[in-house]
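There are two complexes below, and they share subunit A, which is joined by subunit B in the first and by subunit C in the second.
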Partner chain A sequence: MLEIVRQQMICIVAPGWAGGAELPKPLHDGLNAVLRDVAVVHFASIGLLPALTGDPDPQPSLVLELAVEEGFRPYDLLYRLVYHPGGAMWALFGSMIAPNVAEPTAQHKQQLLDKLMSWHSIADGGFVGARDRSVRQIAMEKDLLDQTRIEARKLKPKYGNDRTAFALALSRWAYANPDFGWAATAAPRSYWRGKGAGIGAKLAYPVAAIVLWFALLGIVWALPRAFNWFFGEPGRVGKAIEHAVTKTTECLFTMSWHGLLAFAVIAFLVWLFLVPLPAQFVSWRRWLNSVQQELDRPTETLSSLATYVGGWVIGVPLLLAVAACAIAYTLAPLAYALAPVYMHDVIEPKLPKLTGLQITLIAVVAIAAVLAIGALFYRLNRYFTGLSEKFFHPLEDDVPRAQQIHPSVERCEAELVDGTQHMFSLTELRGPQWWSAWCIRVALRIVTFAGRVFFTQGWLGNAPGIHFGHWHIIDGGRRFLFCSNYDGNFGGYLDDFINGAAVGTTLAWRWTELHPREPALAGQPGVAKPRSFPPTRFVVFRGVKCELKFKSYARDSMLPHLYHFDACNRTVDQINLATGLRDALFGERNGKNDDLIMRAIET
Partner chain B sequence: MKHAPRLSEQSHDIQGMLKSGFGSLTTSCFRLLTIRDEALAKAWLAELLDTGLIVSAKQVGKPKQEKQEKKKENEKATKPLDAVVAIGFTYSGLAKLGCRETSDHPFPTPFRSGMGSELRARLLRDDDRQWSWTDREGPGGGEVVHILLAEWKARGAVSRLPEIKSSAFSVIEVGEDSDFFDGDGKLREPFGFRDGLAQPVIRGLRDEDGETLRAARDEAGDLYGDRLVEPGEFILGYRNEYDELTFCPNVEGWTSANGRFTLNGSYLAVRQFEQDVTAFRAFEMANADFFAANGVSAGEKLMGRRKNGLPLSWKGDPTVPAPDSAADAFRYRVDDADGFMCPKGAHVRRSNPRDSLGIDVQSSIKSSKLHRLLRRGRPYRESSGRQGIFFIACNADLERQFEFIHQRWLQNRRFGTLESQDDPVVGSQPCPKTFTIPGLASGREVSLQHFTQTLGGGYFFLPGIAALRFIARA
Partner chain C sequence: MKLSTYEPDALAPGIRRLSYGLFCWLNRHIVVLRAAGALLRRWPSIGGPFGMVARASAVKDVLTRTPSFSNTAHAANMVSGDYLIGMDPGPTYTADRALVRERLDALDVPNASDEEAKRRIGILDSGDRSFDLIENYLMWVVFHAMKPLFGSATDAVVAGSADPAAQAAVDEGLQRQYMLEIRYVAGQLLAGSLATLDLRRRAETCGDALQARIDRVTGPIGTAWGVKSASQDIERNAVGLAWISHPVTVQSGALAVQELLGRPKVYEKLWSRAQSLKDRVWTDTGFRKDVRDHVLELMRFRPIFPLLARDVPRDTELQTGARQNAKCPGGGKVSLLGIAALFDPSVVSDSRSFCPERDWGSEDPLRYLMFGYGYRQCPARDHAVDILTSALIGLLTLPRLQLARGEGKAITYDGPLMLSMRMRIT
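And then the complex of A and B:
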């Protein structure tokens, strides 16, 4: 499933770019033509990556970023691009394959295709916003929206204030219009975003997986018995096999339901402490809020100290203890299977014999104690506010050269001010690089999965306006490239990351740093001073929440584009509106659909 | 690492305009100075400082009633201010006066680049600039100015400004003694709308206002928190809405142990708008049927507020005046999600979308607070008959505040789900253009022309009082 998403976002990093910092106009036109003809590319951008530090070849690498429709393998896409009669791909990359060859032969093209395949990488992780639609679908739905608005202007005097009649008239007009025959079927969406996978289906998948697992255990347990039923009493070997299978499956079965029960109890406790208890107890809610604030934005006051120390002294040991109990409970059947005598004679006497009522009472008292501790800390925080301000007066965190933007990057932003914005960000992996690469890949797979299955309304967390955002580990695991196409401006985009997707962004970038680097070519940005990603707390907190440091880090990591292609130039909101109108016009006639049509035509 | 300053201990160094709009001083005049002679300019600045016209936030604070009574008992009540001045400098103005930024703490790119630059013209989507003044050479032309001198006076008060000699400066004067306050002491801009509402409240800076603040809080009720913004959003060196200390650039030679050169300062985004009152009235007349049918004029729909300042979603009797704080306590998402009352593209809804743009109310309010402006401009009228607004917005991060609002909200033709519609009042989209007024069953479109024209603009830095003295001596 993740492969489908990752294949939508491709980067080709071609080393040894000998050209300049601008692409000639005919090449721009040629690239536009080929990308339009291929008709599956949403966005394409070209930039220059500075040479690696210590690389004997000081020439920059050319990076071509492609964001394409779902379901295309990179080979199929690159084949179409390379063999397009316009020859733009040869004009771009040809000098790196066979210098001074203007008209490539079939062999040259095959060489280029092979080279591009060796240079390409699919995204290590990414998020697709509203672009689970095809390029053609977006264009056609836009046309439907435009035509409907025109028709609505004509019909308005006739239908005036009658919403139902007005919507019906527009719906009839759309049905009767042969140009919109394609729209009669429901708008095609990717499985997780369409109507196929609602919340019920999303819950049903893990439930089905658990049921299947237990069914599998049952089948394996039953197999020797079925064998005996068919073929009669087994011999010594058969009995030994039956015994082993029975013991193993029973052990696995018990471990599985123990694990499930432990997971359910932990999930219940998490829910209890984060949902009903904060709703019921103001002091607990405020304490949780202050903990959250301190984790994200430490105030360096007494409250901050209490949270930090409390986190390490109470929180972490408590979580570890709960995890240890859950693991012990889950693995207990295995221990009983391997060393039953030891468990009975040595371990069991040491365990307290408690009734269910006693366990329940202890749990209630423990929860009450946790609430009381929270309330106490909250009271202390409130009571000592003045005192803590005196003793823990915030320190000024110096961020040199903050709020600086390279002119080439600003020029790119200005160029796209009326369209979808684009960015390249290039950072280095923190050492040891294999470890950073592994951590980043795990984090990115989680982000990709969450984006695919849960954030299906075009928002990543609370961050709106992202069309494609993707990360690539390149140059043999040394550098980290982030490419994004988004609505808005870059500063606002970073604000969206800070406020809307802080955990995912911190996870993706926390294993990177900026090393000094020369500009790829004159006029492009370099990095003068090395620096690390902003400090994090407990892996996922803080990080991007350090506004100045994070924005400065992100700004300094940016590279300008030499070329940018946008097949549709529609915002995420506009795309969603057009799809909504299509489904409303051709869907059931009800108040919701009628209202959606009315709102769509008046914008 | 140093301790961050406390706002309560620094109000003597913050220029008064960050704390007050000087509503009691009803006449105003804005002068744009271009330095001709640096030495004379510094001498004039030193003279200006000696007049005491540049007041600090501490001086404009209203003491609490108890304190006031005690003061009266003990000493003569201080004479109320009858004239105040604020002064800001463009990047080139600071350079001209000998202030060189340090390499580690330079000024932010937008300020250094200047609003007048070609790049900023494109970023701010200013099509076809024809400016008479600016802060830096650019496509709009116009005189490059170095200093903004804002003067507020009580009606009839005599200016005590030191003489501005032509050998030191060339001067562009905007609105000599303009007075747009009505009989009730309320400010109205040339189109006839109440102005100066919807201002953020700087947390910690108005605490001294005692009764006034308490009344404002009571009138706004639960929504008072929507207006409360951290001081670092407007004053450099303090905690902002991210709980981060706002970046403070520095200049060479600045040696104060208190903080960097820009501490207690702010950036001013300034624009001079000319308002075409005749065109606006003609528009309202042409859409008179709208008023008859809906009880609000089409002009009020464009602006997003009633002329008396009440929100279009006001539930009480709109003819009965309400306190400003109560009139500003409203949201869109629950009461007016579709824009039936305040259109989605209306000027005030674009300028401050409140809770309407995010995924939920709380995250939207939080996000909106990152893009607030403290407005200190005034309407002006010139002897030629030209009138409009001299817009001044104080902010600590030009990119995140003024430029974001201007580029992404006001000039954005795809704001929300709108199609080819920029701000109906200050948008630069070529005319004729349309504006959608949502309604039932579906809304209507009205045709617009330009009601305003931008005559000039620039970014200025409003220094603290100590920094001003440093500039005068530099």
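And then the complex of A and C:
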């Protein structure tokens, strides 16, 4: 399921680029023509990656980023591009395959295709904002939106403020227009945006897996009995097999139940601490907010330090203890099966014998204690304001205010100021690199999964405006490439991440750093001083919340593009609006659809 | 020109892969389908409510009642636009069918297929002892036999350009690329709407590429065909002819050879006769007829379309062979187990035996059920059988053949299609 997302975002990193820092105009035009004709590529960008530090070959690598429609295997996509009669791919990469060959033969093209396949990497993780939409669909829906607005201007004097009649007239006009016959069918939606959008569909998979697991255990448990029923009492070997199967399935059955119960209890506790208790008790809510704020707090204050230390001294041991209890409870049936005497004689006497009432009382007392501590600190803060101010002293920036941006990056941003912005960010993996690569991959898979299944309406967490954002671990796990096509401007974009998807962004970037590097070519940015990603706490806190540090880090890691292709040049909101208009115009006539039509023509 | 705007997968993750995997598995393990078909043939009332027919009489009935059971069921699987096979009868259908018949009359089979088969066999015989049946042999035999379909515009179609310089540069590499593209488009005909997204997308891309290729050369094609139709008519027919003619014949040939090699005694007998004929192997009419019968019998055991679907445009009834007809609500579909009909003992004597010389008597048209039945039967039926006969004769002139096992899988699949079939000359 994740591969289908990852395959939508491909980077081809071709080492040994011998060309210059600019691509000739005919090549730009050729690439544009090919990509427009193929009509499955949403965005394409070309940039130069500086040579790896210590690499004997100082030549940069050429990176081609492709953000494409869903469902393509890279081979099929590259095949289509390489064999396109326009020949732009050969013009770009041909000199790396067979220098001085202007007209490639079929064999040359196959060589190029094989080479591109060896150079390509699908995203290790990524997010697609305007999902389920093809390039052609976006173009057609844009046309529908534009035409509808023109028609609406004509009809406005007639219908004035009669919303329902106005919407009906527009709907009739759209139905009667043969150019929009394609729109009569509802805009296609993939499972997670369609039938699977509800929480029930999302829960169905784990529930089905659990049911199937228990059904499997039941069948295995019943098999020897069914055999006996059919063929009579078994022999000695048969009985031994029956005994082993019975013991094993019963043990697995009990372990599974224990595991489920432990999980349910932990889930209940998490829910209790994060949902009902903050809702019921102001002091608890305040304490919880304070803890999160202090863990995220980007400066070294006494309060954040105290929270951090408190986390290590209380939080981590508590979580470890809960996890240990859950594991012990889950594995207890196995221990009883393997060493029943030891468990009865040695372990059981050591376990406290508590009734349910006693356990409940302990839990209530613990919660009350935390509430009381929270309330006490709240009052202390109010009474001892001077001390409190020292404790929570104000934010101090530790980054020079004037961040120097390389002119080439600024030029690229200026070029795209009226369209979808683009960024390349190149960082190095922190040592040990295999560990960083593994952690990043795990984190990115989680982000990709969440984007695919939960964040289906164009927002990643609370971050809007991302068309295609993707991460690649390249150069054998040494470097980390981030490519993004987004709406708005760079500062606002990073703000969206900082405020809307802080955990995911910190998870993805915390294992990186910037090493000094020479520019790929003259006129390209390099890195003068080594930099680290802003420090994190407990893996997911802080990091990107150190806003200036993070922005400065991201800026320094950026590389300019030599070429950028945007098939649609629409913002995510515009794309969503056009799709919504299509469904509203050709859907049932009701207040919701009428509203949507009015909103679309007035936006 | 049909432009593909893809549809994301609306099924829950895993469902499509599972169902398409099952379909492909059934296509490869035809014996299972035959067994299921035998059950439905024995108790037709089981399949009736599900719109499934298996008896020969019922299958023929469905295929001849074209207004009640429409070919438009194919339309969802045709990624490069409408064509004869998926059309309802009407003026366009009639005109297109006439054009296809005219183009088929231009074919020079079996002479052209014999010629290319001899040439390819010569190459294979002098090369190393292993080859890919599809890529090194069948693909080319069929391609050259079908060249007159586009006549003088063949190179333009392959090059995708009306420019003479580009056409002059056409080599086997380009021809191979063209044939690969049309293969993926044709592959969708087998339950393409059920296929996984990656296969659908590949087919759509190749369909787009094929249309773009034909779009650029409608002029030369019109000239070659000697027609003055509108360019969209030429394009529709050229695109359809391109993707349906070649890949389906190649796949049928590969399936026939697979079946033949699975019957060592049949192969041995046929091979011995071919070897004994020596130079007369290509000219002996008795032997050619015998090989042709073998081809048809092999195709009976492994038809390329063991399952067929038809749309039901309006409420009707289905004669399944049970006491009562099955209701077919309009807007639904019916499934035809052609494989079961071909083995129906009530019309095919000793149906389970491999018997090329069987006398089909009045049921002779049923012998060609793999090409459809009645008015909507494939118009290239006899041409395809002739081409495959040439191809098989060529293979029989080689020393003994066997599947190249032991170096990975001898046969690799791509969805329901055979991608390659590695053979070894022993």
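Here, the second predicted complex is superposed on the first by the 568 of 603 C-alpha atoms of A that agree within 3 Å, B and C clash if a C-alpha of one lies under 4 Å from a C-alpha of the other, contacts with A are read in each partner's own complex, and residues count from 1 in each chain.
Everything below uses one rule, namely that a contact is a pair of C-beta atoms (placed from the backbone, for glycine too) under 8 Å apart; a residue touches a chain by one contact, two chains touch by 3 or more.
All figures in this text were calculated on a predicted structure; none of them were measured in a lab.
Chemist: Let me test your reading of the model: by the given contact rule, A:5 touches which partner, first (subunit B), second (subunit C), both or neither?
Modeler: Neither: A:5 stays clear of subunit B and subunit C.
Chemist: Which holds for A:163: it touches subunit B only (first), subunit C only (second), both, or neither?
Modeler: So A:163 only meets subunit B here.
Chemist: Does the superposition put A:201 against subunit B (first), subunit C (second), both, or neither?
Modeler: So A:201 only meets subunit C here.
Chemist: With both complexes superposed on chain A, which partner does A:189 reach: first (subunit B), second (subunit C), both or neither?
Modeler: Touch partner of A:189: subunit C, not subunit B.
Chemist: Looking at A:459 after the superposition, I want to know if it touches subunit B, subunit C, both of them or none. Which is it: first, second, both, neither?
Modeler: The first partner, subunit B, only.
Chemist: Going by the contact rule set out at the top, does A:37 touch subunit B (first), subunit C (second), both, or neither?
Modeler: After superposing on A, A:37 lies in contact with subunit C but is clear of subunit B.
Chemist: Compare subunit B and subunit C by how many residues of subunit A each one touches, and report the one with more.
Modeler: Touching more of subunit A: B.
Chemist: If we overlay the two complexes on their shared chain A, which of subunit B and subunit C does A:76 touch? Say first, second, both or neither.
Modeler: Second partner only.
Chemist: Tell me the contact category for A:136 with respect to subunit B and subunit C: first, second, both or neither.
Modeler: Once the two structures are laid over each other on A, A:136 reaches subunit C alone.
Chemist: If you stack the two complexes on chain A, which partner ends up touching A:527: first (subunit B), second (subunit C), both, or neither?
Modeler: In the superposition, A:527 contacts neither subunit B nor subunit C.
Chemist: Mind listing the subunit C positions that touch subunit A in their complex?
Modeler: For this pair, the touching residues of subunit C are 3-13, 160-161, 166, 169, 171-174, 176-177, 197-198, 200-202, 205-206, 208-209, 212, 216.
Chemist: Give the list of subunit A residues in touch with subunit B in this complex.
Modeler: Against subunit B, subunit A makes touches at 149, 152-153, 156, 159-163, 166, 293, 297, 299, 393-405, 407, 410-411, 413-415, 417-418, 459, 462, 464, 488-489, 491-492, 495, 498-500, 545-548, 571, 573-574, 577, 598-603.
Chemist: Touching subunit C in the complex: which residues of subunit A?
Modeler: For this pair, the touching residues of subunit A are 1, 4, 37-40, 69-73, 76-77, 80, 83-85, 103, 105-107, 109-110, 131-132, 134, 136-137, 140, 182, 188-191, 193-196, 201, 204.
Chemist: Sort out for me which residues of subunit B touch subunit A in the complex.
Modeler: Counting only subunit B, the residues touching subunit A are 1-4, 6, 103-106, 108-109, 113, 119, 122-123, 125, 239-240, 242-245, 247, 259, 338, 344, 358-359, 363, 366-367, 370, 397, 399-400, 403-404, 407-408, 413-414, 416-419, 436, 438-445.
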